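First chain A sits with chain B, and in the next complex the same chain sits with chain C.
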Partner chain A sequence: MLDAYVALIAPWPLLYLAIGTALGIVIGSIPGLTASMLIALTLPLTFQMDATNAMTLLIGEYVGGISGGLIAATLLRMPGTPASIMTTFDAFPMAQRGEGERALGLAVAASFFGGLVSWGFLAVLSPPLARLALTFGPWEYFTLVLMALVMLASLSQGSLLKGLIGACLGMLFAMPGIDPSIGQLRLTFGFNDMTGGLNLLPVLIGTFAVSQIIKDVLTIDVALPRVDVGRGVKVGLGDVRRHGPNALRSAVIGTWVGLLPGIGANIAAMLAYATARQVSREPEKFGTGHEPGVVAAETANNASIGGALIPLITMGIPGSVTEAILIGALIIHNLQPGPLLFATNPEVAYGVIASYLGANLVMVVFMLASIRWIARLMYLPRPYLVSAILMFCVVGAFALNNRFFDVWVMLAFGAIGYFLERAKVPLGPFVIGFVLAPIAEEQFRAALMSSAGDPFTLFTRPFATVFFFVSMATLSWPFITERLRRRRATSHGADRR
Partner chain B sequence: MIPSRQAAGDLALAAAVILVAVVVWIATADLPPPRYEPVGSAALPRGISAIMALLGALLAARTLIGAEAPATAAGERVGMRAVVRLLVLCGLTLAYVAAMDGRLVGFRPATIAYLFLATLALAGITLRRVVTAFAFAALLAVGLHALFTHFFYIDLP
Partner chain C sequence: MSPTRRSALRRGLALSLAAALSLAAPLVAGGTASAQEAWPQKPIRVIVPFKPGGRTDVVARLLGKVIEEKGLLPHPLVIVNMDGGGGAIAGRAALDADDGHTVLHWHHQMLIANAMGLIDFGPDAFTSIGFTGGGSPVWAVRADSGYETLADVVDKLKEEPGSLVEAIGIGSIPHFVGALLAKEAGFETRKVQANSGADRLKMIAGGNADIALFAASEYLNAKDVAGGLDAVVFFGPNRIDNIPDVPTAKELGYDVTWANPNWWLAPADMPAEHAAILAEALKTAMEDPSIQEYFAENALDAYWTPGDEAQAESEALLEDLKEIAAEIR
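And then the complex of A and B:
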């Protein structure tokens, strides 16, 4: 494991880490551009790179992207990324009363602390979890994927029904091509290009980048108000004592929420913020420019990244949609995501852990040193940005296999992604359904083959049984709570009479 | 009372979902039955499409009886100008990709033309913007071509 940290301080990995983190901060700070979009667009550029360097670059972009969102959230009340929504509640009022430097400083320090704590969990928990996952068989993997999809569908924004529709649609789009179990060609509709199925990269770029661009074009006339950042950031060692307990609690919440599939950084920030307000002696001050609110939100949203990386590298299960893109990176470099990654390519698995620590260190240095200049990037002319990004999308999709079929697929999924969002169908279950469907099918059919077609052997496996019942409980929970709510409403009405 | 615009959108979504499910069901009808394993190639696509058709029907039913929860935030109404701008950008993008796919034009001239026209379509036309958009398009197209072909070794059209 130590080798991974030593390897990180070589020139090329350090350069990729610095470039990735800086790019992520810049993109994350610009409203309308997201870390997912940046990572999806960077994937084609990593083809020629070593797998470890590629993951270093992408992890840097991820950390930078989530952290960069705090700049616009603080100065403009426009979260640069969804993860920074809760940061706007207190950071923006602080900036409005002239404490912008203080708000930015607290947010950057909180982000760094959250990243450090979740790195600790990532480093300590990943190797034993990977060893445990090696004991998993086909039933465990199938039920784990089922649980991830159901949790993602139920915990994403919007209704459970639409989340499940999104997941099913995503899984169906993964079906064309060659059957993973017996090699049978299916659902190609006579197109030769469909023999290999729909590639992950054009689907990801289309769903995240192109659909986001469509939304940005529709709001391109919205002018951003001009804000002065002052000299940069203001934070001191006294803040460790003042905000330490809150930050530690929020970091633990963020890490564990990030660990659960389907729950992203914005939910982690929301839970940490709500908890901080609940235990505070001054809960009425939250939302008015209260420092603990900024600390709770930013600590948790960065900590969730480390938490989400745990299931990614130990089991190959994405904790959020950004992790789904990182899985795509591993696949593109001919690596099999999952517990075997620690055995067959330990330099990549431990490299991810080391890169996460490195990215947090680079992020805090960049942000503290140059935040007032980064803030100016928010005002880059959007027409130039949007057209350039769309062109990058075309080039990126083409570069995968040097064929335009992938570009057309990307454009089609851009339209599909936009209309799904308009219909309030969350994109998370859709993309993760697409990524996990081949795994789910392969494991399900292998499980049935090994049990001579008897599905009830699932219940002879303890972990598989637990995952299965968690899935069923998650599916039925909204109906149970709705029933209980109606019963309470009826009994209240009867009591009043 | 659920806003009718959302109800129409939900019904359209339900119809689209059921249509996709039916298409997949029909397309998997010719797949051979399982021979050496219990389920076969058609099982999962058909299973998922059946579940999806059921979910679509449920969505339609809940929408019609008014049980589907309203959106947490009302959808933004966009102006006609923004829609026209989007359509122009879509047309330019499709033409850009089709021109390169049909080998009518290479990457550099196609990208210069695309970036130039797309930037003007989004930003509006003034003399200053014409000059800056052209410079931006030319620099980016030539620079990217050099980067991809000489540094990343990725051939562009």
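And then the complex of A and C:
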């Protein structure tokens, strides 16, 4: 296992790690460009790379991208990536008060701390979890995926109904192609090009990159306000004592939320922020430029990455949207993420864990050293940026299978993604539905095959039973709370009378 | 992926890039009147119906490299990967190409796709150029399953039909090979789908399936992983050195072989003399030590089968597969 860390200290992995993290920070810092977009776009470039190097690059981008978002969130009140929405609440008021350097310093240090804690969980929990997951059969995988879908739909922003609509639409788009259980074509409408179904990469690039480009083009004339970054960052050792407990709690919340399949960094930040406010002695100060608010949000969103990597490498189930792309990267290198990865390709499994640590180290050094200059990159002229990215999108989609059909798919999903967002249907459940539907279907039908068609064998498997009831509880929770609230309201009314 | 295979892949990709560049400058190559009649006039596009890195892809790239290094053809081979749709997309792209310089490198999955009705073309849509070697799979059980020979497995299944779970990719090679053996030996397994080699390994290792088919090289890589695997039968025509102790199905008295070849195909409208030029180059390249070494390392069989024999063999096999498909569907 130590070998993986030693292997990382070689020219190529280090270079990829540095490039990936730096690129991630820069892209993450520019409002309108996100980590998922960057990773989807660089994925085709990794086809020719060694699997470990490819993962090193992509994980660097992931950590950098989530961290880079804090710059615009602090200085402009624009979350550079969705993960830093909560950061705007307190960091921006601080910057307005002239404490920008302090806010940036705290946010960077908190990000690093969150990363370290969740790396600890990742390194310690993954190998035993992989051994446990090896005993998982079709029922366990099916219920796990079910749980992921339900949690994502109910916890993502907006209503449960719209989340479910998004997830179902995503699942629907995963249906065309060859039916995995009978080996026959379905929903191809007679088009030969559809026999392969809709590929993950064009769908992802379309939904995340192209739809964002459409949005950016529509607001291309909006100039960002100029702000002075000052001298960089301000953070000291005294902060460890002052913010230690809050940071530790937020890191654990972040890791836990990340670990739950399907939900990502933005929800981690939201929960940690809410908890910090609840336990605080001065909750009214949150949202007015209160330091603990910045610490909670930034610790948790970075910690969620390490947490989300756990189901990814041990079970092959994406913990967030970005991880769906990482899974795609492993599959392209003929590696099946899952419990056997530690046995068949330990260098990749441990490489992922080691890269995560490395990326956090590079991130903190790079951010502390050059945040002033990165902040200026936010003002790169949009028209050039957007057209260059669109070109990369087309090249990336074409490179996958050398056919133009994928490019049309990508453009179509750009439009679909744009209109879904206009309709307030969240894209997270949509994409995760698309990614998880084939897994759910294959596992469900495999489970029925092995039980000769009896669905109730699910309840003979303890883990599957637990996962099943957690999903059902998550799904019905909003209705139950609604009922309770109404009943309480009526009984209150009765008391008064 | 072994280091040699990986570096070969990378070299191959560099090569195809170089070839793509030379494609952009056709004036540099040829130009005289005599060269106009020669074939190929430009790099030959080889469509592989899989993503990069698998056996079909690597064999094509290695042969392409030898052909270029030894100057067996005046232009290089350019490998183009088109994954998806069980090969329907790649096959259609090769048939639709009208540049006279496009061929397809596939294997007997085409016959299965045809038998299952996934593709609207069969072997007769192509001119068969030949087989450049091939490989056979094994049937494996968990090392601690208590079954040591195929006879143990067959006895158990005859005693209690459907008592063992076989992990298969529905409508793909593992499904058909298992079905061929089951039909010949007269037993019945319970089938669970697991569509990739990694999935099948996971099912076996986790105790959720009892039997699965693996390529010989897959088996060699995985046999000591997580509980271990034991091969009970090899589906090749003869035993191979990499797994000398595993008997063939034929030795055990079952007339079942599955020797999946690397099959080179040209659209039927390609002139026979052009196909012959490529066949000659491939045949010579097969004798190269680097090719022989790759085949030996990966538990594959290095041979050359001329186009007409390859065609006859495949069409005969297609009839058998259609019978099986009728039962499966």
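Note that in this section the second predicted complex is superposed on the first by the 494 of 497 C-alpha atoms of A that agree within 3 Å, B and C clash if a C-alpha of one lies under 4 Å from a C-alpha of the other, contacts with A are read in each partner's own complex, and residues count from 1 in each chain.
Throughout what follows, a residue touches a chain if its C-beta (ideal position, glycine included) is under 8 Å from a C-beta of that chain, and two chains touch if they have at least 3 such contacts.
Keep in mind that what you see is a predicted model, and the values were worked out from it rather than measured.
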| item | value |
| --- | --- |
| A:L218 touches, of chain B and chain C: first, second, both or neither? | first |
| First, second, both or neither for A:T135, with chain B first and chain C second | second |
| Which superposed partner A:V425 touches (first chain B, second chain C, both, neither) | first |
| Touching partner for A:Q48 - first (chain B), second (chain C), both, neither | both |
| Chain B versus chain C, judged by how many residues of chain A each one touches | B |
| Contacts of A:N402 with chain B and chain C, given as first, second, both or neither | both |
| First (chain B), second (chain C), both or neither touched by A:L125 | neither |
| Partner chain(s) touched by A:Q184 [first = chain B, second = chain C, both, neither] | both |
| Touched partner set for A:M171, first chain B, second chain C, both or neither | first |
| Which of chain B and chain C A:I19 touches, first, second, both or neither | neither |
| Footprint overlap on chain A, comparing chain B with chain C | 47-48, 181-182, 184, 402, 445, 449, 452 |
| Chain A residues within the chain C interface of the complex | 47-48, 50-51, 134-138, 177-178, 180-185, 192-197, 199, 332-336, 338-340, 343-344, 400-403, 442, 445-446, 449-450, 452 |
| Chain A - residues contacting chain B, complex | 44-45, 47-48, 157-159, 161-162, 164-165, 168-169, 171-172, 175, 179, 181-182, 184, 186-187, 189, 214, 217-221, 381-384, 386-388, 390-391, 394-395, 398-399, 402, 404, 407-408, 411, 422-425, 437, 440-441, 444-445, 448-449, 452-453 |
| Residues of chain C defined as touching chain A within the complex | 1, 6, 10, 13, 51-54, 80-86, 88-89, 92-93, 116-118, 165, 170-172, 175, 190-196, 198-199, 201-203, 205-209, 221-222, 225-226, 328-329 |
| Of all residues in chain B, those that touch chain A in their complex | 6, 9-10, 12-13, 17, 20, 24, 27-28, 31-32, 36-39, 41-45, 48-49, 51-52, 55-56, 58-59, 62, 68-69, 71-72, 75-76, 78, 81-83, 85-86, 89, 93-94, 96-97, 100-101, 111, 114-115, 118-119, 122-123, 133, 136, 140, 144, 148, 152-157 |
